[in-house]
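This report refers to the structure that appears directly beneath it.
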Amino acid sequence: MTVSREVELSGHIIDSGMMQACFGAIMDLGGSFEVEEFQIGRSEVEESYARLTVFAEDEAELRSIVHELHQNGANPSHPVDASLEPAPDDQVVPPDFYSTTNHPTEIRYDGEWLSVDRIEMDCAVVVEEGAGDGDDVDGDTGGDDAGGDGGPRAYTKVLNGIEAGDLVVTGETGIRVRPPERPRDKEGAFGFMQGGVSSERPSESTITKVAEAIAETKREGGSVLAVCGPALIHSGAREDLARLVREGYVDMLSAGNGFAVHDLERDLYGTSLGMDTESLDHPRKGHKHHIYTISEIIRAGGIEEAIDAGLVESGVMYECVENDRPYVLAGSIRDDGPLPDTITDAVEAQNAIREQAHEADLVLMLSTLLHSVAVGNCLSSTTRVICVDINPATVTQLLDRGSAQAVGMVTDIGTFVPILAEQLLDE
Amino acid sequence: MTVSREVELSGHIIDSGMMQACFGAIMDLGGSFEVEEFQIGRSEVEESYARLTVFAEDEAELRSIVHELHQNGANPSHPVDASLEPAPDDQVVPPDFYSTTNHPTEIRYDGEWLSVDRIEMDCAVVVEEGAGDGDDVDGDTGGDDAGGDGGPRAYTKVLNGIEAGDLVVTGETGIRVRPPERPRDKEGAFGFMQGGVSSERPSESTITKVAEAIAETKREGGSVLAVCGPALIHSGAREDLARLVREGYVDMLSAGNGFAVHDLERDLYGTSLGMDTESLDHPRKGHKHHIYTISEIIRAGGIEEAIDAGLVESGVMYECVENDRPYVLAGSIRDDGPLPDTITDAVEAQNAIREQAHEADLVLMLSTLLHSVAVGNCLSSTTRVICVDINPATVTQLLDRGSAQAVGMVTDIGTFVPILAEQLLDE
Amino acid sequence: MTVSREVELSGHIIDSGMMQACFGAIMDLGGSFEVEEFQIGRSEVEESYARLTVFAEDEAELRSIVHELHQNGANPSHPVDASLEPAPDDQVVPPDFYSTTNHPTEIRYDGEWLSVDRIEMDCAVVVEEGAGDGDDVDGDTGGDDAGGDGGPRAYTKVLNGIEAGDLVVTGETGIRVRPPERPRDKEGAFGFMQGGVSSERPSESTITKVAEAIAETKREGGSVLAVCGPALIHSGAREDLARLVREGYVDMLSAGNGFAVHDLERDLYGTSLGMDTESLDHPRKGHKHHIYTISEIIRAGGIEEAIDAGLVESGVMYECVENDRPYVLAGSIRDDGPLPDTITDAVEAQNAIREQAHEADLVLMLSTLLHSVAVGNCLSSTTRVICVDINPATVTQLLDRGSAQAVGMVTDIGTFVPILAEQLLDE
Amino acid sequence: MTVSREVELSGHIIDSGMMQACFGAIMDLGGSFEVEEFQIGRSEVEESYARLTVFAEDEAELRSIVHELHQNGANPSHPVDASLEPAPDDQVVPPDFYSTTNHPTEIRYDGEWLSVDRIEMDCAVVVEEGAGDGDDVDGDTGGDDAGGDGGPRAYTKVLNGIEAGDLVVTGETGIRVRPPERPRDKEGAFGFMQGGVSSERPSESTITKVAEAIAETKREGGSVLAVCGPALIHSGAREDLARLVREGYVDMLSAGNGFAVHDLERDLYGTSLGMDTESLDHPRKGHKHHIYTISEIIRAGGIEEAIDAGLVESGVMYECVENDRPYVLAGSIRDDGPLPDTITDAVEAQNAIREQAHEADLVLMLSTLLHSVAVGNCLSSTTRVICVDINPATVTQLLDRGSAQAVGMVTDIGTFVPILAEQLLDE
């Protein structure tokens, strides 16, 4: 027996790779196809349209193929509404719930296509039938941009944010995914953000491009999130990052306990990991400075309290506090201390990170795999990402998450940040 | 002005590198020395003894030198009791508290040397003057092996476990550290555990040595802790690790949410990260299997509940539950879900990991940096550690923590575990 | 002023990515296009056809676009003959000579399309107007499969093989390149060879696929070339590779001086890099064994002479000699010795490697970057390649050379070879 | 039966680790020892002296132990002359020839200790009984600093440089090796060169130290050798390296064919690997520029000819030629071309590299493993080496060769060179 289904694609379906991906998926999964209609955009600005009939041996195989096509932007020709089912319990989704990609997504509700708010990967989609009531709880990833117009609203929720009774989208009907298309031109500061990892690209010229992208984001009123690992401090880039925070090129900071500890250690003891980052000397008891730093900040009651008391007078955390740049310090099991400011619960920390990620227009991932993955998990594929690490495997892993606007650079964070700061601030 | 202090070293101070380290430290820090007495062990079994007078320009420099000598096992010739000060508040240590190394340590109390229980790095040392009262709280790393004999007791506490009034050791007087000495012979299964990282050693022969070390640990009644990353599942080693758990070669498991999810995904859907680990096929919706797995386990109420309900019937977590091998699943900010069994609070998770680490006689660190560092932070330098990863930087970082009984192997976990299991179980 | 040119594409131009690449190239280079004709293959077996007019600002820009389209398989609609110019001197090509890709290529000569023999990257194409006369010189990469039928023949020559008077193809007219298409199915042992690097794939299952691919190549009468680095010996895989050579699963060997030295050292002294690969002991003077080995082989007159004299009685080189498997030992500036058998001249060594590469149907690249790149430089994009290394950067670099039939595996060569041998020989 | 031998050590035998290494070697190899005499240097400037009797089960074991002790600087108490034997043939050493370490070495001849000239690893030691006659042949590593005083002279020869009749040192008697001692202070620009690899050190401060070391070498009239890989060009550091050559901070260049090709490509076409290193654009046919560059240089007759003809007007090779900085371009099997200037024979290239290595006072190894190993093979352990690479494994491997004056830095060559040039030239 042969079964079939009709699907359609539209947009820049050739140069975005959508048609290639769809043809490949059908063949890989053992199906076949016939092209019923094909209108090619006659020039680079016209969109194309294709309608295919997909054939498979049986219904299971067909569903499998249609699922893959759907992930790649091909949708049934004759859409129906999305299925909705109430969550049976808190944190429990209905079986066969729809799990999101990180691409812009719409669901069909009452014959209309609703855009899904705050899209991120591996979430459920919840529909509120009336006006958003705004009672935001942890894990609700959609609450705050709810309009008050009383119309229905769709937004993502992570599994642990689901509440009993939430109307959750199930199955795959009535859902449209739009993988990002290839930009039509290469002009503008973001033109370079399509090139994957650059381990052998000219380093200084690439940093110039990054500086332009940051400057452009700021000119357009956008928000820059810096995700920072402790290597940034050890490698001597602390003062330059602090300047970028002070001068407003970094609007938000996402880091871990260790980053803050070493930043504060440098203020309190002049060292990072026990080494003087100017003279390269190892002063007395240097290897214990980080634990003494933690002890001092606990004694003061926290970072802000230590700054208010005049104990800490410089550095990245200092500039964040003094200039009202919000920061999230997320805990991990390898932390010493931790500092009182560190959010030790992973779910709570994820929710705080999620808020940052959704607000950011440009994300700088600087020498941290753990925190970059955590932030990346919450990003839409349309958010601009610049990932810098000396380990090519880290850069590859971070870029390999489907973002169309991501660029990676394999370089030394200890030279990258100073050169970036010089370009943004001194020229 | 010149100030001086007399220190002494004893033991196998030459071949353990103690004298070399001490001489180097004095010169690096600008001091000088005279050897007052030196008795060399006349053969390889006799201990040596050295007494030096150390000179420095001023008291600060001298203290700095003596601190470094102390870390390397040189102690003042005329010891006095350790200083004790009560903690002013919960989580707040007295200024100048003594922060531990991971080497066996004694403190002098009332003229007697007390061994510090449950030694680990970067902790405070707390002295209980009477009998241990056993009221164990989180973060108390010393409570449970308190004798009931009424004598004084010294043990480590992490900073966040400190309670107001705890008597905390301060300064550096009255403290003796014993860096591990070089083993006197290379016989026995652990003879090979002195060799650092082996990226170019014969792989199969090295695995044979690891198997012997595990077998010997078990014969001696010891306990083996496996610290596991999700790559172990993706690389196809799950079934063989499950066998090792079942047959009693792994007594405890330390892992993260992702490890458990992918282990369970393989049971529920036959895949890991969406790929069938036997056929290498990617079945329909494979990339969503991990999120469905989490959802199924949440619905069941947890891993043990899912096993009891017959939902899960194989794998590492299954064998742990069925054979009463305790496990700790520690959460992190990059987790999906998490599973109900995952400890999401980092401090709580550290305390659970600490208990495992202190009980273990041999630790296998298998393809996870985060969890291995967390476990390693809690280990004494005398615990045997075998660290396996395909990334040499990970192995180097893990071994670079002062353990005298650690060995690293740069290999593929997906071939390592099967060969290890074959050697332990099939021969 | 606007200039234009008409080009056409045919074949599986969508799922091979050709159309996507062409559309992208036009936009990247600032041009525009109109689709004049488009016939889509109505099913997965039918080919498609597209005819475009490409527009650019000026002739230079247009030429630049057409060049890129050409590299991606788009050809002028109205082909003319290729231009030919005689080489002015030995090793000197005419300016604007056509430099090859590694894809199957045809050139138009006298109105006919001639297939270019022995295609490899970055070569010149030479046309012989009459019958191939067979006077093969070093660097002539095309001589030996010349037919005696008297017709014209086209083949590649590396720059240093060019002789004065050779008729060399210049410009880009009359040349057709066929980038490899996506295989129509995933069946057969080679179905898995489309998946890039597998660092997180199941290791044992992947080795099974590799074993199947080798077995299938041998069943079909094909030739397997192993390119081997010294890590293979250090990691203890020597005996199993020797078995594969003896049993005929490896037909040719390409390696360096160091590989041979360590293979022979193991025979003569029982060590590799001074370590006993069975017991892991370091016997007396072990670190000097490699230099003594070189000295012994020089004294004997060479590897074959040492085997004939009974000096060497086992190992990879031994099995190559005993079973007439041709080998090339290519020298490098980091060699000790070298052995008398090592070809120290890089150009001469390249020519020897080139012969091997052109004969091979399946190439195993085992733990050597230098020799693998050298072999890879000589391969057509249609040759099957399996690349194994523990360093993911090496695997990525080797696969990133446009081969459609290449697969990479990040694993430990010291466990890979034994498991491969077990699967091929013991089952 | 027990056999014994008396050995002695002198110098800073404790803080250099010599005693520790000797005690360890005896125990590892199953022997035992008694300390007959031990005079410890009573302060950091006095030398120590130890005399041991070493015991072993049999003569073979004893010889094995004594060999290891010898490598670590322990010598027989009652020295005799070194044994000499004539080489039986060209390139053939006597059996049991002494193979050198890279440490300063003396041999005892006629009751006198002769220093071995031009020490490097894995060579034979040849003694000329009369005056050095200066007939330098390839592979003779000792000829040119022969005094004319008519006395005997000892120097190293690589195996392929041995000539029939050369008097070669055999066995281990009458040979003294002096492993480098720990510097007595940390002052001076070279104080930082004892610290191994710095992946987490402050980058800019470390570059400052490197600049100081180069400046000091130049002030002292020393010679700086730069060993360069093509990544230096791709990463945009070409112009700054060219300035360093022009201004005399680099006296000699050691590189490969690819480095020169990409340096020249940038001059001829404005690209490196086809990319414009300023604008990051990929101009037309960019990926073919390297092969056209080779073709142009061949046509011109070589690099110097191309510069003389005005074809090439900038870059590293240009500055070398214009400022008479000698360069060696060593060929390898992965080269395209090669250029007429490239030495394609590995042995000939090694000899050219050897001359450079022996002349250098400071060696900068910049982003090339192959050429750095080749140079490193020819260096004495007393030559200063600074090794820079973005891959920590490369840095570790290069430093792991026993040089006491080597320092490694894991950073981006594309930012390292510009910052270094700025510090040396612009301040």
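General remarks:
Just so it is clear, A, B, C and D label the chains in written order, and each chain counts residues from 1 on its own.
The working rule: contacts are C-beta pairs under 8 Å (C-beta built on N, C-alpha and C of every residue); 3 or more make two chains touch, one makes a residue touch a chain.
Worth saying up front: this structure is predicted, and the values here are computed from it rather than measured.
In this assembly, A is the chain whose CA centroid lies farthest from the centroid of subunit D.
When the C-beta contacts at A-C and at C-D are tallied, the pair with the greater total is C-D.
With centres set at the average Cα position, the gap from subunit A to subunit C is 39 Å.
Mean C-alpha positions place subunit B and subunit C at a centre distance of 47 Å. For the pair subunit C and subunit D, the distance between mean C-alpha positions equals 34 Å.
Taken residue by residue, subunit A touches two or more other chains at 393, whereas all remaining positions touch fewer. Subunit B makes touch with subunit D in their complex at residues 14-17, 19-20, 23-24, 26-28, 32-35, 38, 40-44, 50, 182, 184-186, 392-393. Put simply, subunit C touches subunit B in their complex at residues 192, 199-207, 209, 231, 234-237, 272-273, 275, 277-280, 390, 410-416, 418-419. Those residues of subunit A whose C-beta lies close enough to touch subunit B in the complex are 29, 60, 63-64, 67-68, 91-93, 95, 97, 99, 122, 159-160, 283-285, 288, 291-292, 294-295, 298-299, 330-338, 344-347, 349-350, 353, 370-371, 373-374, 377, 391, 393.
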